[in-house]
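You will see subunit A twice below: alongside subunit B first, and alongside subunit C after that.
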Partner chain A sequence: MKIKAQFGMVMNLDKCIGCHTCSVTCSNTWTNRPGTEYMYWNNVETKPGVGYPKEWENNDEKKGGWHLKNGKLELKAGGKFSKLINIFYNKDLVEIDDYYEPWTYDYENLVNSPEKDHQPVARPKSQLTGEYMDITWGPNWEDDLAGAHETGKNDPNMRNLDEQIKFEFEETFMMYLPRICEHCQNPSCVSSCPSGAMYKREEDGIVLVDQDSCRSWRFCMTGCPYKKVYFNWKTNKAEKCTFCFPRIENGQPTICSETCVGRLRYIGIVLYDADKVLEAASVEDEKDLYEAQLGTFLDPFDPVIQKEAVKQGIPEDWIEAAQKSPVYKLAVEQKIALPLHPEYRTMPMVWYIPPLSPFMNALGGQVDSLSPDVIFPTINQFRIPIDYLASLFTAGDTGVIKKVLRKLVAMRTYMRAVQLNKPFDHSILEAAGMTEEVAEEMYQLSAIAKYEDRYVIPKSHREDSGDMFSHQGNAGFEFMEACRSCMGGGQEADPLEYYESGFWRELDESSPKGV
Partner chain B sequence: MKAHQKVYKITSIFLQYPQKEWYDFLPEIKSEIATIENPTANAYLTSFMYYLESTPFDQLCERYVKTFDFHGITTLYLTYNVFKDSRERGEALVKLRQLVTDSNLETETEELPDYLPMILEFLSAAEDKYVQRMLKLHAKSILKLDQDLVENDSDYHFLLKATIEISNEMMRNAKVS
Partner chain C sequence: MTNLDIFLWIIFPYISLTIFILGHIYRYNTDQFGWTAKSSQFLEQKRLRFGSTVFHWGIIFVFFGHVGGLLIPKLWFDTIGITDDMYHFGAIWFGGLAGLAVVIGGFFLFLRRVAVKRIVKNSSVSDYVALIMLGIVVLVGFTNTAGYTATGGSFDYRVTIGPWLREILTLRPSEGMVLAMAQAPIGFKLHVSLAFVLFAIWPFTRLVHVFSLPLKYLNRNYVVYRNIKPYHKTKVAEKKEIN
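Then we have the complex of A and B:
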């Protein structure tokens, strides 16, 4: 057993109002540099829709993630050999038009324009070429279903639905899907990189790009099935969501979570057995992947696990944090959070509580005479089709989705009864596989959880990592566009100090060769 | 000579390319090892002696080259794995050389200042404060080298283990006094 700690996030989609605050604050924090204009490390999509980049979910064509070949896990984009022979021409690469051409406006004209008959206008100007351009697509083109009567048909999740019906006006449905890098347990981007520039951090599972080692091959972009690795066209390096590691190391939530208006994000760690990952990602039936991934997580309350974890060098306060982790609670204990597209076999670590649809409406006037016979069948008639949610979160297994929705409905009816002091039919909870305690806990965490309950983030142990102050302002982009204003600590890091503090690069070659 | 100096001296010699002459003074070295009180370091060195005696000379040489010379994983040049071929390695080496010069010991070889056998010899001769500085500096690299040798099933890890053991003992004593 090889115990690892891993940061994860859960997003409660019922609460997402699609305000894009997360995208904006993320963009202001991380991607406000030249070369990154088109990037949204965090973006919010309206589903159904093709998303950003267009049709990212269509991995039959885009070749992201893993598939099974003769029972063995292999990159969809092909193994080492095919990568080598295609290294100078990757036909599966996502192009800039699939994202959008970033633009600004010619604001100067509003001020400098001479007197004319007509109002001066600020024409859109491409941030790539500087030329005037027509805007025909954007990162959020389908917001609130705009144009989805055309693009929505190309949403890969609609394939198994009776789309004719679902796009009729009376039947339309929508939901928001905020997306960041999944910081997968089995990241295909890391395995795709020919230069070994991408790595998954040993201590907390955050997936990062080593800007010094990146050689611009861009196979990570193809390899990632969520299309969450981007290419900076100015520095010619790959960039991606960092899970705001400088904040996380300090015990603070990521900027997208911190600023989330709906408070729908939860951050915590889980302990998992790294030895089980390959096996779990290789299960034959796609529908078993969700359970298989759950199977890799370890119970932080088990004394045997705790002892072993300490032995393997996981700090005590991290084990404590794993016990309090909202991610563990929602995903493993309450089983209401689900991974996004488990069929990509990357074992993603950003999970989602599926949206319920306005269910009071679906129940009509029967709200107060609730019995299991009434409320559970209505789940099938919810506005957002079960099949659609299943395609997003369970590789098509509608059974799991139904179970989750049942729990959510049961919790609400239970709390409604409690609040209104009305008699409650306990068979509702039983039928959903819950007890009163579980319902209460679910309510606490999903409805009224405080900041410190939503974000249980153990600080990194900096006493183990040498003198960090001397590295301040030196990490990241010094080869191109260093942050000069924040060079607080030492002018330049002393190489001997660096050596002594043991900042070992995570090298491909760390496994023995030869001999 | 103190115990730790003996260990450093012995490991320094045997981490170099195998020499025929070694066999001549093996008995002497073995009796020196016997006087080392630290049982763990003692056992490691004895194990290595056994390896020397039980392996044909040609094979000793061949394994040495395969272990230390053919790739960068288990290399005796300690800074290599941290910096690879980057510019910083040069700066680090200059500073390392400066450290050695500061101690008033003279270097007789053309070897780079991060060459482990040379560092070990330095440890066996230098004053305590320089020894501690040097050990602290290279601690992680030495531990890493030991790990990598173990992973490669190399008998040379006995020497590294003996060094680490005796260094730990020394550092503990230094803290107490």
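Then we have the complex of A and C:
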């Protein structure tokens, strides 16, 4: 057993109002530099829709993630040898136009224009070429189903739905899907990088690109099935969501979580057995991947696990944090959070509580006199088809989605009864497999949880690591090389201090540089 | 042996090789961030596909051709029974084809770099210099193969340029070989001199990517882990990769 700690996030989709605050604050923090302006490490998609970049979920074509080849896990885009052979031209690369051509506006014209018959306008100008352009696609083109009658049918998740429910006007449904990098347990981006510039942090599972080692081979972007590695077209290097590691190391939530208007994000750690990851990612039936991933998580309350974790160097306060972790509670204990597209086999670590759709609507006026026989069948009539949710979160297994929705409905009906002092039919809870305590707990965490309950973030142990400032520049986006040693008076990093892992040892004893 | 000959066939090659070696060491140590292939596929890929693929496969064959023709002594070929005719057949056909691939692929890359707006706007001076210098060297070289060797020219670079280059590389240039260079046809002289100009600018362009061919990938584990901090030094050597 090799115990690792890993940060995870859960998003409660019922609460997302699609305001894009998360995208904007993320962008202001990380991607307001030239070459990155098209990137939204956090983006919010309206589903159904092709998303950002276009049709990212269509991995039959985009070739992201893993698949089973003769029973063995292999990168969908091709193994190591095939990558080297195709290194001169990556045949599966997503182009910038699939995201969108970044633009700005000719604002000066508003001020400098001479007097004319018409108002001056600020015409859009491409940031790639500096020329005037017509805007035909953007990062958020399908917001609130705009144009979805055209693009929506290309949404890969629509494939499993009945023709007639697809886009008849009356039946139209939508939901928001905020997305960041999943900081996967089995990251295919890291595995696709030939120069070893991408890595997963041993201590907390955060996946990063070493800017100094990236050699512009651009395979990681194809490798990620969520298309969450981006290419900086100015520096010709890959960049991606950092899980705001400078904040996380200080016990603060990521900026997208901190600023989330719906307060729907949860951050915490889970302990998992790294020795089980490969096996779990290789289970034959895609529908078993969700359970298999759950199977890698370890119970932080189990004394045997605790002892072993301490032995393996996991700090005590991290074990405590794992016990309080809202991610562990929602995903493992309450089982209402689900991974996004487990069929990509990367074992993603950003999980989602599926949305309920307008739930009172579906029940009509009779909400207070409900029995399980009435309440649960209505789940099938929810606006958002079960099949659609299953395609997003369970590789098509509708059974799991129904179970989760039942729990959510049962919790709500129970809490409604409690707060209005109405009689309650307890068989509703039983049928959902819950007790009153569980319902209460679910309510606490999903409805009224405070900041400290939503974010249980153990600090990184600085006392062991010397001066964290000297680590800057080795990871993340500190590429103003000249200033490496002048940050906060930090001492020069001794690279050996920071790169203990076997990989870098083999390449170069004395420095974190790549080949 | 004139002063010019000494400069061209002894001094300049050494200046160039010195810049080549020290330049790479300097750049590698000071500019890891800039040490990349500078892929531009993200901005434009339709034209890149043909150009880059054909150019690169061509230049790889051309490279091995140069190793075979210049670095490996003729005697060695004679010993293993490869006759002059056989060698020339290979050099002209395979060498010629590879050269043609480089010329055509390179031409496409050049067209792309001057015609596609997005690429033009995002090219540095060094991108142009590298591509154009490379283009000139390749064109002159290809002209030699196609216009001289293939049409029966009597100059044999395997007993002139080859030994001269080996002498230069092993740090013992001789008068005899410098004279042989001085008497080589102008096309060959140009090709060699321009190549040394290219070597001198090489470390300061994107061409450094050639030395980063990531062969290590082939026997690496897929998932790479790195530590943030040096905790528990005792466990250092342990392999921290899973699959």
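Criterion: the second predicted complex is superposed on the first by the 467 of 515 C-alpha atoms of A that agree within 3 Å, B and C clash if a C-alpha of one lies under 4 Å from a C-alpha of the other, contacts with A are read in each partner's own complex, and residues count from 1 in each chain.
Quick note on the criterion: a residue touches a chain if its C-beta (ideal position, glycine included) is under 8 Å from a C-beta of that chain, and two chains touch if they have at least 3 such contacts.
This is a predicted model, so every value here is computed, not measured.
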item	value
Partner touching more residues of subunit A, whether subunit B or subunit C	C
Partner chain(s) touched by A:Y199 [first = subunit B, second = subunit C, both, neither]	second
Interface residues of subunit A shared between complexes with subunit B and subunit C	496, 498-500, 502-505, 507, 513-515
Sites on subunit A touched by subunit B in the complex	494-496, 498-500, 502-505, 507, 509, 511-515
Parts of subunit A lying in touch with subunit C, wherever the complex brings them together	2, 73, 75, 80-81, 83-84, 88-91, 93, 95-96, 128-131, 186-187, 190-191, 193-196, 198-204, 211-218, 221, 231, 233-237, 249, 274-275, 277-278, 313, 460-461, 464-466, 471, 479, 481, 496-507, 513-515
Subunit B residues within the subunit A interface of the complex	66-67, 70-74, 79, 81-83, 88-89, 91-92, 95-96, 136-137, 139-141, 144, 148, 151-154
Complex contacts: residues of subunit C adjacent to subunit A	28, 30-33, 35-45, 48-49, 52-53, 55-57, 117-118, 121-122, 209, 212-218, 220-233, 235-243
